[in-house]
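Quick notes on the structure that follows.
Labels run A, B and C following the written order; every chain starts at residue 1.
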Amino acid sequence: MIIEEKIKKLGLELPEVRPMINAKSCVKAVHTGDLVFLSGVFPYYGGKYKYIGKMGSNLTPEEGYEAARFCALNLLTELRNMIGDLDKVTKVVQVTGYVNVAPEYSDEKIGYVTDGASDLLAELYGESRGRHTRTSFGVFKLARNFPVEISAIFEVKK
Amino acid sequence: MIIEEKIKKLGLELPEVRPMINAKSCVKAVHTGDLVFLSGVFPYYGGKYKYIGKMGSNLTPEEGYEAARFCALNLLTELRNMIGDLDKVTKVVQVTGYVNVAPEYSDEKIGYVTDGASDLLAELYGESRGRHTRTSFGVFKLARNFPVEISAIFEVKK
Amino acid sequence: MIIEEKIKKLGLELPEVRPMINAKSCVKAVHTGDLVFLSGVFPYYGGKYKYIGKMGSNLTPEEGYEAARFCALNLLTELRNMIGDLDKVTKVVQVTGYVNVAPEYSDEKIGYVTDGASDLLAELYGESRGRHTRTSFGVFKLARNFPVEISAIFEVKK
């Protein structure tokens, strides 16, 4: 349980599982071969959604960064529930960051929001396992006006 | 041909194949390992594109839902043409929904549009095979002003 | 080195590697099983970013097409650096095109931009290996106001 220990040492926790919005048709994780695909998640943490709003409207880049960090913790909760132990991850393969931007938000700071997720995953898993491919862009609207949605693919031991 | 029978019992059909817009460089499906990746598709059904326009402008959430349902049928046509028989699917892995939203469209109803595809796939394949990971978001512009585009990844038997 | 020869015959070159914007947490390519996932890339070529701006604002469709072509060359640089030789590619699996559109840009011409990447990959790898699945859509904002971002997945020989 090395990864879960690291999360605690950072003063963080794995958030409780929220039910899927469309629970009858969707799941949070699918395991196929050596890959686990994860549904897009939002900044749920400490029993509630911590941030609502658009980047550049009511949220600062630093708040967006923290929102994405919470998203990464949600991904890790879902992944642990699928594979049992986060130490089984052999590689973080891909992170996609959907950043909910107002027109006035600086395009220089779109990737910075998604860094909140990327930096945590790289810190937890280290340079060779944790660094991942990434795509990030500014979307026009996100569900319930959340500031960021993050989806990911992990490689895990059989 | 259990899945095709189920489609008929729902009063639906697999739409005829449309040529790719850029047929010289793109294909609708690629099979690699146990996965089939499918190109993003639009609501073509009954010999025409059934819906054109933006959510929140000239289309209701219910029309968007049906548009996404037609997209799912297009995905299934392409998948059948690739693997020969829809019963070979062992898992719906991932669905991504690109919802073409006007500024006034409710962010509460973005996922509802994509549900049109998710619900049909889950109904056809059942709880353990059919439920899938999903990401859905509101895009600024889609090709030819279609209301929704859906792409997907399926796992299939060798 | 057949593919690299073809690139030269087209009067093109593989651009020099740029450092990742978030080098401490992200990488440009991850190899998992038979697949290589590539991070989204921008139109860097000849030592600089060749195009900045939004489609329909300060750039024509033809300039967007060329920007996407440069993106494809960036993907190929990253891929060669990961697998050593571009001839090891057995299939171009998936291309995703994020097109940075102004409100006045024609939705008829979104896919045309991404064609700049698709056409080059299909030309280099030929019909059976090079044609790929694709999704393309108009995004609201891209990092540093680049006109297009392209990500991709390739299948490679073990």
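Convention: contacts are C-beta pairs under 8 Å (C-beta built on N, C-alpha and C of every residue); 3 or more make two chains touch, one makes a residue touch a chain.
Keep in mind it's a predicted model, so treat the numbers as computed, not measured.
Participant: For the copies subunit A and subunit C, give the interface type as same if over half of its residue numbers appear on both sides, and as different if under half do.
Facilitator: Result for this pair: different.
Participant: I need the rotation angle between the copies subunit A and subunit B from a CA superposition, between 0 and 180°, in steps of 5.
Facilitator: 120
Participant: Suppose each chain is reduced to the average of its Cα coordinates; what separation in Å results between subunit A and subunit C?
Facilitator: Centre separation, subunit A to subunit C: 25 Å.
Participant: Where in subunit B do residues touch two or more other chains at once?
Facilitator: 33, 139-140
Participant: Using the touch definition up top, name the residues of subunit A that touch subunit C in the complex.
Facilitator: Touching subunit C: residues 33-35, 91-95, 101, 105, 107-108, 110-111, 115, 118-119, 121-123, 130-140, 153, 155 of subunit A.
Participant: How about subunit B: which of its residues touch subunit C in the complex?
Facilitator: Subunit B residues touching subunit C: 21-22, 24-30, 32-33, 37-40, 96, 98, 139-145, 149, 151.
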